Amino acid sequence: MAGNSFGTLFKLTTFGESHGTAIGGVIDGCPAGISLNLDKIQEELDKRRPGQSAIVTQRKEPDTVEFLSGIFEGKTTGTPIGFVIRNANQKSNDYSHIKDAYRPSHADYTYDEKYGVRDYRGGGRSSARETASRVVGGAIAKQLIPEISFITYTASVGDIRLEKDYKDIDFNLIESNPVRCPDPALAEKMEAYIREIRSQGDTVGGTVKCVIKNMPKGLGEPVFDKLHAQLGKAMLSINAVKGFEIGSGFEGTKLKGSQHNDLFNPDGSTVTNLSGGVQGGISNGMDIYFSVAFKPVATIMQKQQTINSKGEEVEIQGKGRHDPCVVPRAVPIVEAMAALVIADFWLQNKISKI
Amino acid sequence: MAGNSFGTLFKLTTFGESHGTAIGGVIDGCPAGISLNLDKIQEELDKRRPGQSAIVTQRKEPDTVEFLSGIFEGKTTGTPIGFVIRNANQKSNDYSHIKDAYRPSHADYTYDEKYGVRDYRGGGRSSARETASRVVGGAIAKQLIPEISFITYTASVGDIRLEKDYKDIDFNLIESNPVRCPDPALAEKMEAYIREIRSQGDTVGGTVKCVIKNMPKGLGEPVFDKLHAQLGKAMLSINAVKGFEIGSGFEGTKLKGSQHNDLFNPDGSTVTNLSGGVQGGISNGMDIYFSVAFKPVATIMQKQQTINSKGEEVEIQGKGRHDPCVVPRAVPIVEAMAALVIADFWLQNKISKI
Amino acid sequence: MAGNSFGTLFKLTTFGESHGTAIGGVIDGCPAGISLNLDKIQEELDKRRPGQSAIVTQRKEPDTVEFLSGIFEGKTTGTPIGFVIRNANQKSNDYSHIKDAYRPSHADYTYDEKYGVRDYRGGGRSSARETASRVVGGAIAKQLIPEISFITYTASVGDIRLEKDYKDIDFNLIESNPVRCPDPALAEKMEAYIREIRSQGDTVGGTVKCVIKNMPKGLGEPVFDKLHAQLGKAMLSINAVKGFEIGSGFEGTKLKGSQHNDLFNPDGSTVTNLSGGVQGGISNGMDIYFSVAFKPVATIMQKQQTINSKGEEVEIQGKGRHDPCVVPRAVPIVEAMAALVIADFWLQNKISKI
Amino acid sequence: MAGNSFGTLFKLTTFGESHGTAIGGVIDGCPAGISLNLDKIQEELDKRRPGQSAIVTQRKEPDTVEFLSGIFEGKTTGTPIGFVIRNANQKSNDYSHIKDAYRPSHADYTYDEKYGVRDYRGGGRSSARETASRVVGGAIAKQLIPEISFITYTASVGDIRLEKDYKDIDFNLIESNPVRCPDPALAEKMEAYIREIRSQGDTVGGTVKCVIKNMPKGLGEPVFDKLHAQLGKAMLSINAVKGFEIGSGFEGTKLKGSQHNDLFNPDGSTVTNLSGGVQGGISNGMDIYFSVAFKPVATIMQKQQTINSKGEEVEIQGKGRHDPCVVPRAVPIVEAMAALVIADFWLQNKISKI
């Protein structure tokens, strides 16, 4: 109950600190009989991996997942799937400078207040390194529901924003550039901006969009576990996320009902889709689409005044190799969390009626 | 597990359809020994009540809560608190016109797809009437943590937006007008706009803001149950909500880290509070503030083309007495959900260290 | 999380004190589309009802269940089923003598230690009156899985014991006598003994046996939620229960493996069934059978020395109308809890493989 | 939700098959700040280890636990404690003979029915090897509540039974013999009997008793999560367990209330303790004591007729190195599960009143 599990029936529990022995997780509730493609899982991890391009952190972490249980002769057996990702790169001396100092807008201070003790190396449990375990979980979730497609991309970096509707986007272009923005011209601008920001020792935020296509109808459990409520929680649980909106989102609040209502076609589909594929917390079979807001990374390569655990003022400066913009590597994490949510509701919906 | 419970330790389970016998709920996990002020609970309900002003639905529902258990001689006993709110106003003939027709952007279609059966009267379980039970739960949650203040208000109606920072707002003015906007001049404009919209048989959306003051440090459970992730889920589970942002939110994505980081004061408070009182998913003792986006109400008093359960095209028109704008009555619901989240984490945090 | 819910997918939450306004409950997770026979539910309640025969408590409680939600036009809708049973007989002055005194082997002392406050009237929440809500839940569970049969009977009262194997018993005779023992001659002895015990102002214990026939294979979730582990918890959660055994139980510990192993027939059934229908925590399709031990009722009509909340010695004597032997009325409660367990695992098993 | 987690606040999730890469687990909800003695954890594991004496299985498994997270500089950090125990001894060719055959009274048949696929090597997930992870969890639970003592011993092997009340037993003698029976003379008989049974290629059952001393008052959550209900579930979830009784248990059903009631001493303790330390599902501060029934091990070194997955009759014979009696090695497992239950309720009780 201490917050390290996600999901109701398809349930991922993760463990591990940034610079401990290993991170990993357990998936309980994955049905038996799924032929798992382990290479595909590693591929998803590679999309999240540090050092994958020039604009992300240059840390060297191979992030190889080892499965310990729950898979036999290539298939899931219905028993829990345990896995670990060893921490290859434990240079904990990198972190002596923050042993006692609280980095601004990091979790150092709040962890100390909550727990009275803290593994300060690389942020410990509060490090986004934990999200590698989510990517493993999400990659397995996808293989449970292969008919559903998840498309995720960078929609903005700082002020540079992809304004196009997702329907006008060629999703094949997402992986054509390291920013993961499906508009190559814009991607170039974003990349240049990230390089500039990095040269200033600074960081920048951005937004990620996700589209889920070929959705079954009926997913989502009213009233508290509405599909988009659980999606929102999933996204807001990712490091650095400060906002979530689905369908018409904040812009939709300005509209009138007569403009906003999605009228039906005779086949039950809707003419418009301002609802974002969810009505009353339940999927209606239309595309789900949502946006996730990432604040700028808190670790900057500039001197900052801060305090230590005694309340004394000290000066710190980011060391090591950090992301100037988290968005390109956040894309696979957003997608993994979306897959975990949908797979879980897909299972739950199997027993909604007899 | 079918989504009608909220919370981990302080847990509210609700039941009831709009036009059934009663709605109600059970709170399990409320500690013993709290002197409950039942009048205050009813007062919160009255803030949500239909017919409270000229700009909300004119339905007559007294919404009187009856407590059935868990309270003895004015105090909580640690046993579950059961309560019911009878449905006084069961004019189910009002709803024969939607028995077979699917109202656009309502949950009629998705409930039928999911369950194969549906109590169509007034939306049944999908009706926002269910939120009355949340208000009861939230009102009790507040009495568990009386030192923490919740302030909630209307921040926009359609395009009319209160731009002021919450720190410059006189919260005493919130209840000075039926819109619950703490800027009287703006509130008048909003009210006029809602009247105009209603005269068109239309509806409009808006946003609600909530500020939580005097927050203890350490609330929130990493990694999946981050404080703002659970807040986000709570808000997105409210009918008609399409977006949530905390602290700097979507605007913060445009900033640089050097602009966004909240530097520390020697006492552990921060100079700025772009984080919105949460760092690493845990409260840091600063004010929490967040925004919630409500789409326009789907029921409009205009003719709409739609389909019935056989896929035939039919025409419907809203009947009865509906809200032209849900935001004024959503204010107490947002606040109740916030209180449920904070009370739950407050209990959870009691056992985070020995 | 405070212990008032039972089940994972088919989940019953109960509330209510013996002498409060009402007891009741909420069932969440009941699939939509079940045609509920409400009369049958009331019939089960009537089997548990006080005053049903000369050998049980003579309290007058009609125990009429009122359903508040979740059922529409005779069918479950997939939404939570709320229900209440009003407490008709609130003679709370009956209990002034135990307001401060702790009745031996009751929960008065432990509730006070745990909660610091207690509704002392009739035992409050610790009263077996709460089990009426379980009977409602169990009666609905049975209608979800009508193909499975539950047979429950009194197997012993004090030293008087039905030694026959359940296969040699005519289950039609269970309801032929107020003891609910399917051996009429033995039932007469039991009844006479209960009358004698009552005339002494004393009480006596006994055992209840339950047989579940036509069991599907595959129910039960390893490793912690084994079918018989959950059955055991269900039974041990009933007031006054001190023991549980399934299949060969305690006697089986004396056997050798060569005697105890259940050899297979070619169709997968087993020649013997010492396992009691469960192997590795999962049903194998054979009959499930188990025994439940009930201690003698703690309330006796004799003077007992005890202490009050100040630690002073006081004398008390049972007042009112109590059961001299709880076993006859425990039969429907055992059966209800068994049905809740099986229905829950039946749902869970629907998603164990794809 | 698929049954591989145990506990509400102090929650153990285990994974792993007998002959997979590793078994292990995650403990979520362990408070921060506990100085963990890792050697003591390994010592508990060693008590469960195969090959520890002449009367248990002679398999060589070092069962060394490796901690991966949640501990920093010797203390728990409040984050999840992940651990693995590598499977050193993966002779899977040992198991080709049962690849298709169903061993009588094992879980082979039921796993196949439930999941349609099964890791047949050594029983896979249904192997008692999984309980090593429970022992790790229990050993950590004990260090959370060091003031509470757990004493566990063998009370019977087959017909040979230790009749003494636990109060007349010198617990220091438990570890004086490989049977873990605190009566040396009886232990010798038990050991001789186990050797004899083994020489017959057979197995035998037995019972384990556990006493919990220095119990705090108030642990246990009514109504479904009664202390002894959860203890019962914990024990019944251990492989081969068929029965559980607490306090007076099945024998107590024969008594009258006037004999069975535990009268109070002025200090709130009771003169007798037939309740076994639990009243109304809540601990009263008296010793808790209970018995657990283990059936004879199903794997025997004799030829048995059985069937294969096609329903054909085949003959099998146990191979490898198995326990002729599981009871001596079950002692630490029973104790671990008891510790998990008590630690969890100890945490839950911290928030039962304000």
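The chains carry the letters A, B, C and D, assigned in the order they are written, with residues numbered from 1 in each.
Simple rule for what comes next: contacts are C-beta pairs under 8 Å (C-beta built on N, C-alpha and C of every residue); 3 or more make two chains touch, one makes a residue touch a chain.
All values reported here derive from a predicted model rather than from experimental measurement.
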item: Listed pair (A-B, A-C or A-D) duplicating the B-D contact set, over half by residue number; value: A-C
item: Farthest chain relative to chain A (centres taken as mean CA coordinates); value: C
item: Which of B-C and C-D has more C-beta contact pairs; value: C-D
item: CA centroid of chain A to CA centroid of chain C, Å; value: 46
item: Computed distance of Cα centres, chain D from chain C, in Å; value: 26
item: Centre-of-Cα separation between chain C and chain B, whole angstrom; value: 39
item: Multi-partner residues of chain A (at least 2 other chains); value: 1-5, 8-9, 14, 29, 32-33, 78-79, 114-117, 125, 222, 352-353
item: Chain D to chain B touching residues, read off their complex; value: 1, 9, 29, 31-34, 78-79, 144, 222, 347, 350-354
item: Residue numbers on chain A that touch chain B, as the complex places them; value: 1-6, 8-9, 14, 102, 104-107, 109-111, 113-117, 125-126, 130, 156, 158-159, 197, 200, 202-207, 217-218, 220-226, 228-237, 239, 242-250, 252-268, 270, 274-276, 279-285, 291, 293-300, 302, 304-307, 311-313, 348-349, 352-353
item: Complex contact set, residues of chain D against chain A; value: 1-5, 8-9, 11, 13-17, 20-26, 28-29, 32-33, 66-70, 72, 75-82, 84, 114-119, 124-125
